[in-house]
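Consider the two complexes below, in which chain A is the common component and chain B and chain C are the respective partners.
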Partner chain A sequence: MSGHWLAWFPRLALLVFLTPILVGLLGTWLPAFGWFPALGQHQFSTQPWLDLLAYPGFGTALQHSLVTGLGASILALVITFLILAAFYPSRAFQRLERLLAPILSVPHAAFAIGVGFLITPSGWLFRLSESLTGWPARPLNWLTYQDPWGISLMAVLTLKETPFLLFMALASLPALKVRQTLWLGTSLGYGRTRIWLLLIAPPLFKRLMLPFFAVIAYGLSVVDVALLAGPTAPPTLAVMVNRLFNAPDLLLRLPGAAGASLLLLVTLLCLALVWLLSRLSRLLLPWLLNGQRWSNSGLLRLAGGVSLALGLFTYLSALLTLVLWSFTGQWRFPAPWPTEWSLLAWQRGLGRMSEALWLTFSTGMVSALVALVLVLGALENEVRLRAQKPGFNSQRLLWLLYLPLLIPQLAFLFGVQVSLIWLGLDGRWWVLVWSHLIFVLPYCFLTLSGPYRAFDERYTWLGLSLSQSPWKTWWRVKLAMLWRPIGYSLATGFAVSVAQYLPTLFIGGGRFATITTEAVSLASGSDRRITAVYALMQQLLPLLVFLLALLLPAWRYRKHQELSHYQ
Partner chain B sequence: MKRTLLTALTALALNPAFADLNWPQIEAEARGQTINFHAWGGSEVINDYLQWAADEVAERYGVSLRHVKVTNTGDVVSQVLAEKTAGRAEGGSVDLVWINGENFAAMKSNDLLFGPFTQVLPNYALVDTENKPTTLFDFTTAVDNMEAPWGMAQLVFMYDSALVETPPQSMTELLNFARNSPGAVTYPAPPSFYGTTFLKQAMLELADDPAPFYEEVAESDFESLTAPLWAFLDELHPLMWRQGRTFTSGAPEMKLLLNDGEISLSLSFNPNDASNAIAIGELPESVRTYVHEGGTIGNTHFVAIPYNSSQTEGAMVVANFLMSPEAQARKADVDVWGDPTVLAMDKLTQSQRALFEALPRGAATLSDAELGTVLREPHASWVAALERAWQERYAN
Partner chain C sequence: MAFCLTNLVITIGQKPLFSPISLDLSAGEVGTIMGPSGAGKSTLLAAISGTLGPDFHTTGDIQLGGRSLLGLKVQQRRVGILFQDDLLFPHLNVAQNLLFALPAGLSRKQRQQRVSQALDSAELSGFEDRDVATLSGGQRARISLVRTLLSEPDLILLDEPFAKLDLALRDQFRRWVFGRIMELKIPALLVTHDPNDCPDVAKRVELQPHPSTLEAKTPPPIRS
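Now for the complex of A and B:
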């Protein structure tokens, strides 16, 4: 049965997306072991690794990466569980769910810029404090941002990753029948905390494992956010590697390649460790099953509420600071608002960004649509296989699909760049789309697979028995009931494409200017006003697509309220 | 004179591409070419200026100029290097790059550049190579006509006159200044070239004899030659912004901090930077420029053509246009960009000179006399050595 046409979807997806990564990894490993013909390096050696280890600040940089990357991921996971345990399911949560889309579409770099302006000693909070209380008269010499311990970087990453984990959890929760479990637990006298800890958290974590791994990999290897919010002397390992890749001394690219490979190694080790720990946590079960009820859930609600309030406050104020700056003429400490307003930044920005906007939009849309088709095909193939072999485990093969999210971009992009040039494929638009697809596809899969797998196939059987056409049934019954998650998946894919910075840079050789590359380039300058305009536009694009994803199904289901309940 | 001519002739003879080409032919070949000009894109005034230049060369020479906005010239070197790795000897993605210093030295020594070519450009004859030696020696690396001078740079400092009465006139005074107002001083972390320049400036100022810094760095006396610098920094850091435990990424970020009132002194490589920043509202009117008594480091920034560009004619036409009196005068206007010219006023015609004489003087611009002595950049090898030693001490 492997000849069935649907079977080609997962294969195609894997082939198309794994090839560049494997080639890219190889192209990075060769220089890491001393082979770099363009620089006259033809001898294999471990010298690049020794150079990396001896590079000043290497040890601290690695430590920074581990502390901030792992720390932020674990914090984000804990906060996600806290918020869910405290409030899910509830009316308030449905409102929060709607807020998640715009929050997810906030680009990391824009968020870091916004948070920075909020909490630095000359930032908005202190400006407001000064105008209310007269203190501080001059900006304090406090380390509230870019501190050498990585606290601010960890905070920014935590705030950025929590909504993603929440979003992924919400996709899995309906299948876990939380309401019923809570009802059952409560009737036995157990408190919310206890029920969540024992009955809901373990299966939920199992479903969240992949997104959590992606969060860890991202946290360990992120460059743009670490540049804005991280320690500076030395920076994190990812920033250090990126710097080695761009150093004027071209030979530093060899230890750079070794550093990129090390980043991959460290990431894999961390993931293995987390996996091992999650296995070991089962040993705790006897200790947990001691009959205690913990019926008081006040503390849980408090912790969940505080995290939620703090997160929402930061997102809203970060957004507000960007809006304020984009309309600013001049705004100095300690004025609570801009002292001069101006439309100049918007006029300059909008006048110049149409080309970049169009490129961002078309690349995002095309890559999200292609990803969606491939994901739908692969998922439908799963349904077919499960019907044939009831014990079929779909997870194993699809782990490969998530590889791009688990491998630091820095570890293979350099190799990809060289191979593309070698094949004469660099600088072509479809190659750019392809490179985005590598990252868009897993996210589309992450967002759609839950609801798609949870679909009750009895509807399909019913449809088949009525129409006799698999196509019609799939299109008019299954898809029709899944419009909402499909729209969400498309919007997520689009947002992921918009946010791509390094791939756009590496693939295009600078010939592709998207809103994101323009925004990052402007962020290296000294004009907060124009940076704010680009950061806002970068945010607006995915937001519009998310809105469409919300409104279109609502319109589609206006006469079929029952269908819209199906998530 | 004879020697220059000889060098130029040798260069021409060595480069068969030019053997049968004259300037009108190059201009004719250039028509219709699209030039990807990779240049830092972090400044809207510079982006605006390049947009103007693009409109001009399109109209005058039929060359279409695309500004590829980069964050870091190292990215561009990486791109060309990746192309060389992959064996792409023509049709490279970079046709022109804004460059100087170590990046130029790296590209030159790794054969990543096209040229020599500037001797063919008509406007190159107007460049002030006699009084601006940095147009011939880029961080002591011989330019050898491999990059076209574009603008002059000199390390200057800025202060907010509303907060500071008299700014420090030397590194020693800077230390005193920091003692009196802790937290008000900082500098960018090397390897940002702003930070490295600050180190070089301090090193030159604090040394008894700067002569050894113009020779290639030697391991034997590096420690003893740089000892005064480290002693100075050891004292300065605890008095700095954030106690020297975190640093800025470059002059643009310091400009933001100056505007925010977090620090009271900043630095720049463009003597007109403060005036321009005031004009566009990035800094308050009270900001002024100053230099240290003993002079400050100056250099030149250039444009170069990568070895694998297939649009060299168009790239040369653009480089020539960027050196033209008209383009240089517009660039020097503080309301536009304020980047000082590389041209010699006495080589210009009356009307060309008038373009420069008509320029308004910015509020925070120093006269040539006030700018004082221009110190030459130390030998290029000091850059890497200083950066590494700094990182070992303060970023380990």
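Now for the complex of A and C:
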């Protein structure tokens, strides 16, 4: 490596997330094998693992995690492919693309709360049904939310992950020349379903592999959504581990650490399995090449349409429910609308959330800005390397970048927490920002790298030869032309930070409360009105930043036709 | 200000792209590089402007005003370039595009004056506040050249700048470009595959495949 100053950006970026992950993994694995000096445990043993296995409900919890995590991920992938196969590319799809940013910015917790208000036995869906059909007259005794089979959890996860996979797929689809492939396939008599199965899905899946892995890792280890929508007794393994980490009996942290480590192993195993299956799926190809055309694609369009409609309906009605509840004074059961409207929840909520709101905002903004600077430096360093090193390949780093998204948060956050306490650094704000940065950085990179790499470097050469100043060229030409993706990347980073639950809890050591942690803890209470206000604010914050990221460049480019249209 | 190529060869992975070329241009002189597509014309321009990729290797010498350009960065070479696409900065208006190219150290008034003079010379007076996207192809091409000239380069490279203009415009623009370059007394190097593009007085260099690659590069004869 050369000593150029730009070379420090990728190194710094790697340091930012590799250090805590490595330290955290070590700090979790050691207690998992009985070594935990802070609690006077100095004996290496397998006892924590045995304790974990013997813990009441362990087996069911593991099963819950596997079923919901894997199930939701696979469902999300299938639905993503269904929607794409049915409608991409089309004008309707372009409109859908614009909806993706606001949908993606909805924090997981807020969405789970909204869906809960919708489908619990006393939820809005049943209230509407009563006013239309007279059924049910009183709240049903059914377990429609937080059901013991994990169906509601799976549904929430699927609905939340599908837009992400769609978004990632849309980034790779242009390179796959879908329109031409469809044209070619159709001219040979194939229907959309077959063309997608044979010609588009395989290369697309290859490009979607890493995002899909991130979805699986997330689904297996998520805590906040599982707390809100998952089964309760026993909960998923992640929730159980989180409970062990926070148990009043401090020694339960040892089996907790074993559980967190098990979660990592299970995740890695599942990823390996999926990878293996994807390799094996090639064996299906000869069977698919049997000459059948499936020229009728009506069923595909129907399935895609239904998935799309269901998804959009849920997002919209979950949001509406939250809005209704936040303005509710009183809302007796079968009534379709609040029986009494009130601003009280907003007054009380806004009054007491100002501190959490500010913390959420400042942490999100600072971590997103730091991430953006690191990402810009790393990407510019890439441009420099490409101009200097023959055969430079930027793809090698991608796996490393995905690392924080492939390792369950629970698997290393406990170790980080322990190390921070040991170093006397727990409860500092900048450490909280750092912990968010671990997850913000990859997303900033993923959203900005495409447009940044696609920039026509001839503009830079021209700028250099015209102005003789690299800085002026970079600032006034390259960045000035890329404000739109830069703003988008910043907003994405901000949204990721706002949605963080576990890092805030673990790193903050209970001293920091964001809108997200507050919303999750309020949701277990009984006051839907105040919960709705928190969930809405949690949703509003990233949405506002996305809106700014959209409007500011549009205003900046208002007099420049070439850049003023929505990109 | 003289420009001089001496025994220049560009190789990629040991393979030379063309036979060694040598060329001398004095101020106000236009040289042309001809050759079929794929002969390495654009690569040659990249070597001169300093934007050659790392996979390429240059031997021989490139000199401008007595100093060798090899090893200098793009911004140190004082070589202006005009691409086939006009590459006007889409986020700046006409005046801002021109201001970007002006050297530092001029007063506000001087800068404005230079811009309006430049626009006059392109017969585009009063276009300062126009969005570049609203200009016609010919207007954009003229702004693009004027912008390059404002940066006061010691040499100007023209990478098929007429190829994308329609025929009627092409001839007019061509004459205007060569006129401006002769006025400014700087050497210019034009790359083209259209013999009509070359001014009568130009020194011509034909890019020939390098003898060592001839065998490999000759396509099989095609009978029609």
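Criterion: the second predicted complex is superposed on the first by the 494 of 567 C-alpha atoms of A that agree within 3 Å, B and C clash if a C-alpha of one lies under 4 Å from a C-alpha of the other, contacts with A are read in each partner's own complex, and residues count from 1 in each chain.
In this section, contacts are C-beta pairs under 8 Å (C-beta built on N, C-alpha and C of every residue); 3 or more make two chains touch, one makes a residue touch a chain.
Since this is a predicted model, take the numbers as computed values, not measurements.
K.L.:
Does the superposition put A:388 against chain B (first), chain C (second), both, or neither?
P.N.:
second
K.L.:
Looking at chain A, which partner touches more of its residues: chain C or chain B?
P.N.:
Per-residue touch count on chain A favours B.
K.L.:
Regarding the shared-chain residue A:16, is it in contact with chain B (first), chain C (second), both, or neither?
P.N.:
It touches nothing on chain B or chain C.
K.L.:
Just to be sure I read the superposition right, which of the two partners does A:470 touch: chain B = first, chain C = second, or both, or neither?
P.N.:
In the superposed model, A:470 contacts chain C only, not chain B.
K.L.:
Does the superposition put A:128 against chain B (first), chain C (second), both, or neither?
P.N.:
Once the two structures are laid over each other on A, A:128 reaches no partner at all.
K.L.:
Is A:462 touching the first partner chain B, the second partner chain C, both, or neither of them?
P.N.:
Second partner only, chain C.
K.L.:
Quick check for you: in the superposed arrangement, does A:480 touch first (chain B), second (chain C), both or neither?
P.N.:
second
K.L.:
Residue numbers of chain C touching chain A in their complex, please.
P.N.:
49, 51, 53-55, 73-81, 83, 85, 87, 89-93, 100-101, 131-134, 147-148, 150-151, 153
K.L.:
Quick one: which bits of chain A touch chain C in the complex? Just the residue numbers, please.
P.N.:
Chain A residues touching chain C: 386-392, 456-459, 461-470, 472-473, 476-477, 480-481, 556-557, 559-563.
K.L.:
Applying the document's contact rule, which stretches of chain A touch chain B when the two form their complex?
P.N.:
36-39, 56-57, 59-60, 120-122, 138-139, 141, 143, 146-148, 227, 231-234, 243, 245-250, 253, 329-330, 332-334, 340, 342, 348, 352, 414, 417-422, 424, 426-427, 505, 509-511, 513, 517-518, 520-528, 530
K.L.:
Taking the touch rule as given, give the residues of chain B at its contact with chain A in the complex, in rising order.
P.N.:
Counting only chain B, the residues touching chain A are 36, 38, 40-44, 47-48, 51, 68-72, 74-79, 81-88, 93-94, 101-103, 105-106, 110, 182-183, 189, 191, 241-243, 245-253, 255-257, 259-262, 277, 280-282, 284, 383-384, 388, 391-392, 394-396.
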